[in-house]
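Below, subunit A partners subunit B and then partners subunit C, in two separate complexes.
Then we have the complex of A and B:
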């Protein structure tokens, strides 16, 4: 699948190019914006995509809490020794380990979530330019065929791209 | 007409390209001074290892001589693990001044590596929960050693994860700028290229990890204060002490951030980016924490003084305030409260680089003295921790040669790690600085030029 990247010196021209792409028939899901710093969501009319990161810490916390509860309740019920009149399932020491389990689960699953969600960008090529880290904005257009790639190239060039890179064209 | 003659204008904002050039030239360039600094710090750290070996030669059965070692751990664990919170809170509050301090605050988390190593011998020095009265009650297994180890590791891993997610875009930028020759960036940047989804995930990841960090920090500090300090002293039961111990940590967070920021600003020549704004704003929080330090100490002291219960007064007053260790307490009180108050109450000093930096140094020194008061006499207690009360308040002895070597070596080891990390990751966060510029405009407001800051929802 061919891809075309236009490199823009300013965010203004990149936003203008994104408008032109949409006018040329490309939908928000057909192009990706590459920036060196986060812009407000939708600044380029792009589709920022769905993520499931919230599920990771929540799921991790629930698993951690459950493990903490099982460890604390399980060990104390396995050795039911009443000490100093305190209940078998003493909440204060159980709380410490359940809290520990909850936080540990949330932490580990959040790290996994960041890795999982960040390592799978909706991008199927390696088009990139180091100038993006210096404030340039890259617009990567995923095309169905060479004809669409040619349209994207023309649109990006007309919109003022400093450079247009291509990949996967025959 | 008079007012119009004194029009207020702002310095022009740097462009993202200038920011990137300034940061990456300092990160990717080599410096003789940097290498010499690392070498000196490493040699001092080796001295600390020698001090540790000397202590170890006497064995781990008697914990008395290990008091200064434990104090170094307590201090570094407070200082090293606290600072990342300063990067989280202003970001959460969407303060516009936080960008230049983010790296200085978060990078200190790398000292956690040393903290984990320093923590290991303590596991052999303190008794299990069965031999003293702890919050673990009659927990059947692993208390407190195993669970505390998990907690300490968790906080350190949380600090590293928080730093990694914050630095992820910068690592990707370093990888691109170095043409792939920056090995650490190549390894840690993953496939980050700055798509909107990746920015969104990174923002939420920072929020979740930062929130976890604050919750973990307070809890772990409280547990350390209970399991490695308070429950070693017979009859010492204070609900204020864990809170006071944690307040020291929060004060250390602001003080460490200011100090690292001042050093980075001076030695990397970043006066253009790290301005008085950052010092001024963190100094206001630091002053509040200086006052909170005094308030927590006062609450603990007053309860014991008013109650006149011998087992409380012998610890809270005779050992920790006005008794055997008065001169140490007065030093901590002066450095953590009185001098900071006298300096920072004046806005011209508060609104400067020097004022907050001096107070940060004073506060850190005061916290170090406080950790000596916390740990050294505690480790010299020879009574059974299950006794009803402490019979005699213990004076802090002067440190011996191994202690001095351990103190210097421990500090040098932590500074070594932070110095290396600042150089490797960059003294400033490229993406945070660029974001600050993207979201800011200098506009005319009647006769004055004022900054407009965009705060996206």
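Then we have the complex of A and C:
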């Protein structure tokens, strides 16, 4: 599928270009906005989609808790040596290690979640420009066909794009 | 932040990437100096491993010496990252932006150094792992989970892993920037490390959510780590250590030393990498205000520790306290109290001093001397009076090997921080730019007031 990217020097021009794209028949999900810093959500009328990041730490916490339980109870039961008359399965000390396991699982899965939900690692050769990290705003429009790509190109140029790049057009 | 000058994204990139792309002569000088000190530590560690704990000053009944003091000290320093980063992030404190990464990275390196000292303390590093981690399946030897000395590694491992992930998550956009700003093999390495980050709206949204999630998750770990370190002492029946207030007292002490260390780090970064537009007097001002509260909280807990010992009239506990307040420990005690409270707190009370960077560095160094002494006074005099029988009392003086390894620890953390600053930006560039996006100016009458807009 062809895609077209317009590079804009300011956020205001990019937001204006996004409005023009929508007026030309493109939906909020048809374009993505590339910036070098986070802008408030919806600043360009884009659709960043739903995510399920908050489920990941919950899953990780459950796995971490289970591993913590296995490590503490499993090791003590596999070699039940009574020390100082204390119970083999002492809940307070087991709780400490299970707690650390729970938190560790939640932390690791949060990172896995953000990587997964951000669609990283991104191995595709999508349109990009290094000027985005210098303050430019990139509007990448995913088009159905060459005709739509031509419309996107015209819209972005008319909206004041400094440069328009294309990919996948025949 | 209100005094933030207007800077373009290109200026911000140039200023904050300077440490990565330029290498001033002072960098090499520092590198050589620190490598020399680290080398000294390697020699000392080699002697320790070759000849055993006999090369230290440890002897009956004082079997915990400089290594454990240093372990507690560096775990304490590691609390700076979470305190600064997580709490300030959750409370949306705008002044956090230039400070968070350095504090987080210091957490990682100081934790690594702390863990190293426990391993060295055993005298048999190659035998240490199966005491803490259940991996010896063949012989069926498992750690005793009822021992606080096993809780420690689990807490430190969790905190270290969490801190590394915390640093990495916030580093991804800056790695993408480094990819865009460099060429050749460095571009390839940064490209791989940033996982192909492009900076679309979804990625930013998730990154911000992750920052909040990780902050919320790491805070309970932060509290647990130094609590568990305190239980290494508190769970024993040793008079002077078996004190229920130890956990909060240790956590507050850790925050005090850690945040003070951040001041010194900020000052060095500001001067070394010419970051005057980013790390400004107002940042020192804010940290100074925070430290007044923390130092007074520490003083309160320390006072309570004494009160409990004196009120309970438990003879053994009373004797330990008496020893701490008798020469020569009395002088160390007085120095500690002066360093931690009576000298820095009055200084931090004044805005003029809080915004004076050399004075703030002085207070940071003084507080850390005080906090190191505090750990010394908790460990050494207590062990000297561990047994009620006077024939079992003993003394401790650190050997040259132990002193060399203490010097090594400081050089090691500094060296790792210096190397980090050469490879990665020390100030989160994207966060700095985000701050500029939200910055506005309001006019009230004849005044133009800088302000930060928030969602």
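Heads up, the rule we're going with is that the second predicted complex is superposed on the first by the 144 of 170 C-alpha atoms of A that agree within 3 Å, B and C clash if a C-alpha of one lies under 4 Å from a C-alpha of the other, contacts with A are read in each partner's own complex, and residues count from 1 in each chain.
By definition in this document, a contact is a pair of C-beta atoms (placed from the backbone, for glycine too) under 8 Å apart; a residue touches a chain by one contact, two chains touch by 3 or more.
Remember, it's a predicted structure, so these values are computed and weren't measured experimentally.
In the superposition on chain A, A:39 contacts both subunit B and subunit C. Judged by the touch definition given at the top, the superposed model places A:62 against neither subunit B nor subunit C. In the overlay built on the shared chain, the residue A:104 is in contact with subunit B and with subunit C.
For the contact definition in use here, the residues of subunit A common to its subunit B contact set and its subunit C contact set are 11, 32-41, 46, 48-49, 51, 53-54, 57, 75-76, 79, 83, 86, 90, 93, 96-97, 99-100, 103-104, 106-107, 110-111, 113-115, 117-119, 121-123, 128, 130, 132-135. Contact residues of subunit C toward subunit A in the complex are 8-10, 13, 134, 140-147, 150-151, 154-155, 157-158, 161-162, 165, 168-169, 172-173, 176-177, 180-181, 195-210, 213-214, 217-218, 220-221, 224, 228, 430, 433-434, 436-437, 455.
Subunit A makes touch with subunit B in their complex at residues 11, 32-41, 46-49, 51, 53-54, 57, 75-76, 79, 81, 83-84, 86, 90, 92-93, 96-97, 99-100, 103-104, 106-107, 110-111, 113-115, 117-119, 121-123, 128-130, 132-135. If you check the complex, the residues on subunit B that touch subunit A are 15-17, 19-21, 135-141, 143, 147, 150-151, 154, 157-158, 161, 165, 168-169, 172-173, 176-177, 179, 190-205, 208-209, 212, 215-216, 219, 223, 430-432, 434-435, 438-439, 454, 456. By the touch criterion stated above, subunit A contacts subunit C in their complex at residues 11, 32-41, 44, 46, 48-49, 51, 53-54, 57, 71-72, 75-76, 78-79, 83, 86, 90, 93-94, 96-97, 99-101, 103-104, 106-108, 110-111, 113-115, 117-124, 126, 128, 130, 132-135, 140.
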